[in-house]
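One chain, subunit A, appears in both complexes that follow, with subunit B as partner in the first and subunit C in the second.
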Partner chain A sequence: MEKISIGNWELSALVIMSFCTKIFLNYPRVMSESAGSAGWILSAYTSLLAFVIFTFMLRLYKKNYGMDLIDLGELIGGAPGRIITGVVIISFLIYFIPVNLREFSENMKIISLVISPISFVTLFFLGTMILAAYFGLEAITRVNAIAVPVISAGFILILVLVGQLYDFSKLMPWFGTGLQEIFIGGLPKLSYFSEIIIFFMLPPFLKKFNNFRKSSYIGFVFAGSFLFLSTLVFLLVFEYPTSTESFLPIFQLSRLINYGRFLQRGESVFLLMWSFAAMLYLSFGFFMLLYTFKKTLKLEYYKPLIMPFAVIIFSLSLTPPNLMSAIKLDTVYFLNWGWLISFAFTTLVFIAAGIKKRKGKKE
Partner chain B sequence: MKKLFLLILIFMLCCFLSSCYDRAEIDDQAFVIAFGLDKGKTNFLRMTFQIAVPSAFGQEGGGSSGESGEGKEKHPKSVTITTIESPTVYSGFNIVNTYVSKQLNLSHTKVLIISSELAKENMGMYINAIHRGREFRNTMYICVCDGSAEEYLKNVNFVLDISPSKFYEETFASHRYTSFTANTQLIQFISRAKSKSINPVAILVGVDRIEKLDDYSKENTNYKEKGRENYFGGDFAAGNIPKEYKNKTSAMGLAVFDGAKMVGMMDGAETRYYLMLTGEYDYSYVTVPDPVVENKFVLLNVKQSRKPRHNVVMEGDTPKISVKIMLEADILSIQSGINYEDPEKVEELETASEEFFKKDIVRLLEKTTKVFKSDIFGFGKSMKWKFLTQKEWDEFSWHDKYPNAQFDIEVDLKIRRPGLILRTAQFEN
Partner chain C sequence: MALLRKTLKEYLFFTEPDKPDDFVLEEGKDEGNESCNDAVKDGSGEKREKTEKVRKSKGVIKKLFTPEREDTACYGYDSNADNSEKNESDVKKESKDPESIKRKTSISKDVARNLEYMRKVYNVPLNGDVVIREFEIAFKDKTIPAFSIFFDGLVDRMLVNESILKPLMLLSNIEIKGKEDDIADYVQKHILPQSQMLLEESYEKVIFGINYGCCAIFIDGVDKVFVADAKGWEHRGIERPNAELVIQGPQEGFGEILRINTALIRKILKDEKLIVEDILIGERSKTPCSMLYIKDIVNDSLVQEVRRRLKGVKIDHLIDSGELEQLIEDSTYLPTPQVIYTERPDRVSRYLANGRIAIIVSGSPFALVVPATMWNLFHATEDEYVRFPYANLLRVVRLFAIFLTLLLPGIYIAITNYHHEMIPTDLLLAIEASREKVPFPSVFELLIMEVSFELIREAGIRIPGPIGPTLGIVGALILGQAAVSANIVSPILIIIVAVTGIGSFAIPNFSLAYSFRLQRFAYIALGATAGFLGISFGLFIMFLWIAKAKSFGVPVLVPYGPTTADVNKGNIFRNPTWKQNRRPDDLNVKSKNSQQEISRQWKINEEEN
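And now, the complex of A and B:
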């Protein structure tokens, strides 16, 4: 598998897809819940902050380029270090994949497959995840590279078509719930960029550090812009506090597209790109879970793990008793603490690896 | 390879199986085009459903009643109506589903009619239930019926349209060229009802009670309130329109809300000024009194040249609101024959028209502060700019301050074109 190589655009597309899929879930609403009418400022702030921290992390990581997080764990603490790092990443993935799987399935049930049992709907996504895992990382990144521009175009189209409903007074008061709430209280919202931890599992598939850095930056800029635009447009259309009601903000936006009898019911575009984005997102996450597990335990193959892990993910996704609990697991627990693993833990690993390497050179 | 083939097969099967649970044949659905809510007699709600009968669409003149030809039966109606009583909105759907042979589908519902009696009590809980429902569209129109919603829906007659949904779409979009109603879609209503800077309005609909135009009494209009000797077009609201037509229903004016509770009504002319004040005005024909000859009128085609400028300043607890409305107009008719097209006389007509508009606008604004106590124009949005945080804005409590508002109105009207006649020549005799 190590022979697989990821292209520059493919990595950028992975970054965009990983960060932006949550736009279709709850991102604009959560921004509005936290910062009121200033949700767009919070979105810009967290995107910028995540970018700055990522740049800092890249500087720490540069000297160890070519090694992924698990390799670095091994460098720091041998086999225990590798296993601890692996377990942290696996725990992270095994938390957010089932939660997101449940949310996507519930959304599909609410929007379209109203009568179908949730397990039946979940199986659709799970089927794609299994299939994608069999095809492997190369197939996932290739499909993703083609799909991201199409999904992005559909997303931009929705934002443009609701333009007739923009009202800039809805962005007032300027600082929404207050500066402290935005700039201090909003810090945990960095967790929206938690997938950053997975990207540091990818360097073995990219040849040069500069390519990794450049592609990640491009992905970051697009993802940050999309996150910002989604929140801005959502708040231009839905005034606070109505903006905190919508369960699926972009879906609600797409339902408002109405240009006479010629153009309406934009949710059909939404449904297509949303389910496609969800499948790509979950497939990538699922593959990385298998890959991390394989690498942590130094297994030769990952394919025999697909079905057992699929059963685990499926079962875990059905554990929350209802959608509200699943949303709480995502927007309360994961959003408040996810950054500790993705940013704090990863940075600590880089720092420790740097110290270890320097010590090794001296010795 | 075998496994892969099996997986692809399973994946493809998923696509075909997806309709097992949620299959919905169009032929098995009963599409509700309009639905009405009244206060019930035996239960909380009386619900009236106007359901499309698609089989009637394709038939000759399938829109409404009338003879299709010699020896033929009356045209089948393109809609059927049913009324039930139930405690809640959704339990009402269940009841109807037991006897209409098809499953109710609300994804094509164009309009929700609520009786004024129910609207005055507070329709928040019903609107919330509808907003939560997946099938209801946020773009459907919200209307208040001055009377019973059931009566309105039973009297609608799609004279010119085969498709009932097209009838509603076009009727409620007519505000673009009549300015007697406004665009009051569900999402706008909900957003405003929960806003701290603006209150909602809903289109006023009704059933015109007169059979013959000779039976009409001008006492049904608001001309006296406005200090006129006779009524102008728009000095009445839905249900009181002086007309004779197969369709007994009408839409004119607006229901005014404070939150989700109806607090009053505006007639057609007031609605025009509402649109001018909010910047939603497009164009319409307006009759203004001739500035020189009594009981003669000048007819103008008035457009809004620019969005109105609002400025709100607080003096103590009193909001001082200044508004500048910029209009332009084309002359359509001058009954007196005075040559207002003359560049030297046009100013006289412009000034008189500005005064005419200003007087009615001030009257409307005072009605919203003194009678309705509701800011439906969104002046609060101009005030909101001055606050930095939501908490400060919430504590300011604009809706409590609005009833004390004082206004300074400026209307700027420019006459641009005289129509096809550049100079009025007098008739002989």
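And now, the complex of A and C:
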């Protein structure tokens, strides 16, 4: 594999893109479903919590910086440790990539390609994933670094343009479905930050720990703000419980833009932005899947894996019989249990690696 | 069948990459001072050793046939320059080839043999423009036979008559008080007043000189040949650039004469550190090329890389810099250019001052500048000459032009086929009303017009001067009007196609405009297939492709992808001139600052006062 290096802003942009693309899917709605009119508090709470846990994880990880999760698995348990860690990450990726692929494709079909078969729409996303994998991580991160500011600007524009519909009384009751529901029941929503596990595969591409930490923090701050703003604006415009019925929250918001007869309904521009973000998100996930597989089995090249894995992902994405089943796989299973892998498993690996290293030093 | 099988195999099965690592422009490498460790590290050590062996073996063979020479040719080129990287097989082949041996063999003292050989080489009398003039030189009470050989039309006849033949034939009869017994010395010191003249010892160099407009003089009893620079071919003078016109700024463009072109740059830069390094390209044509750079600014590893690529070009004839561009660029299949192609000496000078390298090919009025980023291609020369707010307005217009050229037709198709809701109701009704009588689907209608437009444009260029613009007017106005009246296309589509065409003319780089015109058709197809999803797909792939591409080790999307320190330094929008303190970060130049941190010292003085 050629030598890859990722810049500071590129990592920040990856963090923003990975966490925020789900805004375009169902994030504001799920927040609203969980906490009612206090969805924005839940969003701020989970973002903050994820940030704190991430900081804690970084502290654990600091001494082993330069090694990714697979290397740490090997450090802990040799080849079996490496393979177990790899299989966990691969399983995680192979679960959420097809689900997200299906969701993005279904949404696209519903929004604009109503009579096209789902497989046709999926092929466009799959095509970008395959080609992006051929071009490699550097190309993906570079495009992402350029696209993220543009997409962010478009997203903020939508939030601003619906400003005339803001109604702060819609946020009442302030604590929505209750404090317990927000602060205890909302904990599994940490799974929205599950991509964190992928970021611990990237340190070998960044030279210094401080750069990694700083860039991740910047990414976290921006991503947390966007997630929070999306929920807040959504709830300012759609009051609970109407907000829980909105299929694609930001799409719905963009449809409400109306400034006279000429400037109205910006959903098509939103569509360009949204599909580009989805392509970036899926491509990055797909590349990391291939990279993890390659690294787990210590293969020399990842390119021969592209087509077989693309076929697997494509088949898996078409397995759910309909969109609702795909959403169920995402919001019911993944959102409730995803954090166990991304946060709990990763933290365990860091702790075990720390102990192992300390033992090794004593010996 | 075998070809089909091979192609299928290539696409379906993975084969281990065997290409060497791409060149990466790194910081702080001294020319010719690369560490051995690096070579071992990147796995190219073995390869380099092989190349060294080839070089050494070539040196041995060369020593056999040609004596060591240190002087550089009077006509500006070392004729050995292009042969420095021949591979082993070439060298072996050459050593067995009698013609090649003969060419490199030392010249005979017998003028008759030389004459016979030159007649054979130049196919005299079959070759009509070769002039061989036989004469005699008086030397110490004896006459010595001699002959001169040159190409009619390539040399200045007056110069040959007055400065070469006349002195040799007439002045030699005058008694000159000289002690020389050697005729070569005598002729050089007393007879020939030519300022640029060399004594060559091998046929190869003599033939190269003759082919390049020199007059060769063979004298009996002398195993050397006088090669006098007598170039006098017809050429175009310095004119205004045709493709890169500016309202404000210098009005000189390159011509076809290499030395005039290099002089134009030297005239602008007036920098003794400007190096004009000559390289011959073309096994047969031996086309002189010059590689220009400012020694104490440019990154040495970049110079090495450009030199390596230029010396690695093995073709028979090199006619134009456009050909050379295609032979040295990083990615052949990338739709966008990776080399700046310009006919303006001032633009080249600016790039040289920034730490880039220019390549000029004899006979081509366009210089190549490397490395190039996408933003360089988007900039126009005038951007630097006008005040910065105006330059930024022009850049915004240009960005808009790129958007129109690349995406407007595709977006129009996507909107009309998939996203009607995006069009305001009144406009939608107007479009629908205008399309009511058109029998074709909108994509077909658009393709008819786009192809027609390309046809008009191509015909307008190919057709002789005065008729060209007429054809454009006839094509655009009359045909367009007729097509609308005949209900073949809708009026709105004429507007779309015309605006797209105008957009493509506003792109400053001709090659980039071509690239966008080509890609436009892909976006039409994608827009027609999947609406905005298709457009997104196309944009995503295009960006990935460009993001992956490099121009001489520099990523073409730098400083935005990858992000470098120059991210806010006037790539999309220009900064005021006084703020442009530093040279581009991505070039890793030796001297980072292009002007003092405070370039307007008078401001401080003003405040102090």
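Here are some notes:
Here is the rule we go by: the second predicted complex is superposed on the first by the 361 of 363 C-alpha atoms of A that agree within 3 Å, B and C clash if a C-alpha of one lies under 4 Å from a C-alpha of the other, contacts with A are read in each partner's own complex, and residues count from 1 in each chain.
Everything that follows uses one rule, which is that contacts are C-beta pairs under 8 Å (C-beta built on N, C-alpha and C of every residue); 3 or more make two chains touch, one makes a residue touch a chain.
None of these values were measured; they are calculated from a predicted model.
Of the two partner chains placed around the shared chain by superposition, subunit C is the only one that A:10 touches, whereas subunit B remains out of contact. By the touch criterion stated above, A:66 is placed in contact with neither subunit B nor subunit C. When the shared chain is aligned, subunit B and subunit C each come close enough to touch A:128. Judged by the touch definition given at the top, the superposed model places A:239 against subunit B, while subunit C stays out of reach. Within the superposed three-chain model, A:116 lies in touch with subunit B and with subunit C [touch as defined at top].
Contacts of A:140 after superposition: subunit C is touched, whereas subunit B is not reached. In the superposition on chain A, A:256 makes contact with subunit B only, while subunit C stays out of contact range. In the superposition on chain A, contact of A:301 is made with subunit C only, not with subunit B.
In the superposition on chain A, contact of A:78 is made with neither subunit B nor subunit C. With the contact threshold set out at the top, residues 112-113, 116, 120, 124, 127-128, 131, 261, 264 of subunit A are in contact with subunit B in one structure and with subunit C in the other. Listed in rising order, the residues of subunit A touching subunit B in the complex are 36-37, 110-117, 120, 123-124, 127-128, 130-131, 134, 167, 169, 172-178, 238-242, 245, 252, 255-256, 258, 260-261, 264. Those residues of subunit B whose C-beta lies close enough to touch subunit A in the complex are 3-4, 7-8, 10-11, 14, 18, 20-22, 131, 134, 137-139, 166, 169, 173, 187, 190-191, 194-195, 197, 378, 381-382, 384-385, 387-393.
Against subunit A, the residues of subunit C that register as touching in their complex are 14, 16, 21-22, 415, 418-419, 421-422, 424-426, 530-537, 539-541, 543-545, 547-548, 555, 557, 560-564, 567. Across the interface of their complex, subunit C is touched by residues 2, 7-10, 108, 112-113, 116, 120-121, 124, 127-128, 131-132, 135-136, 138-143, 145-147, 261-265, 267-269, 271-272, 275-276, 279-280, 301, 303-304 of subunit A.
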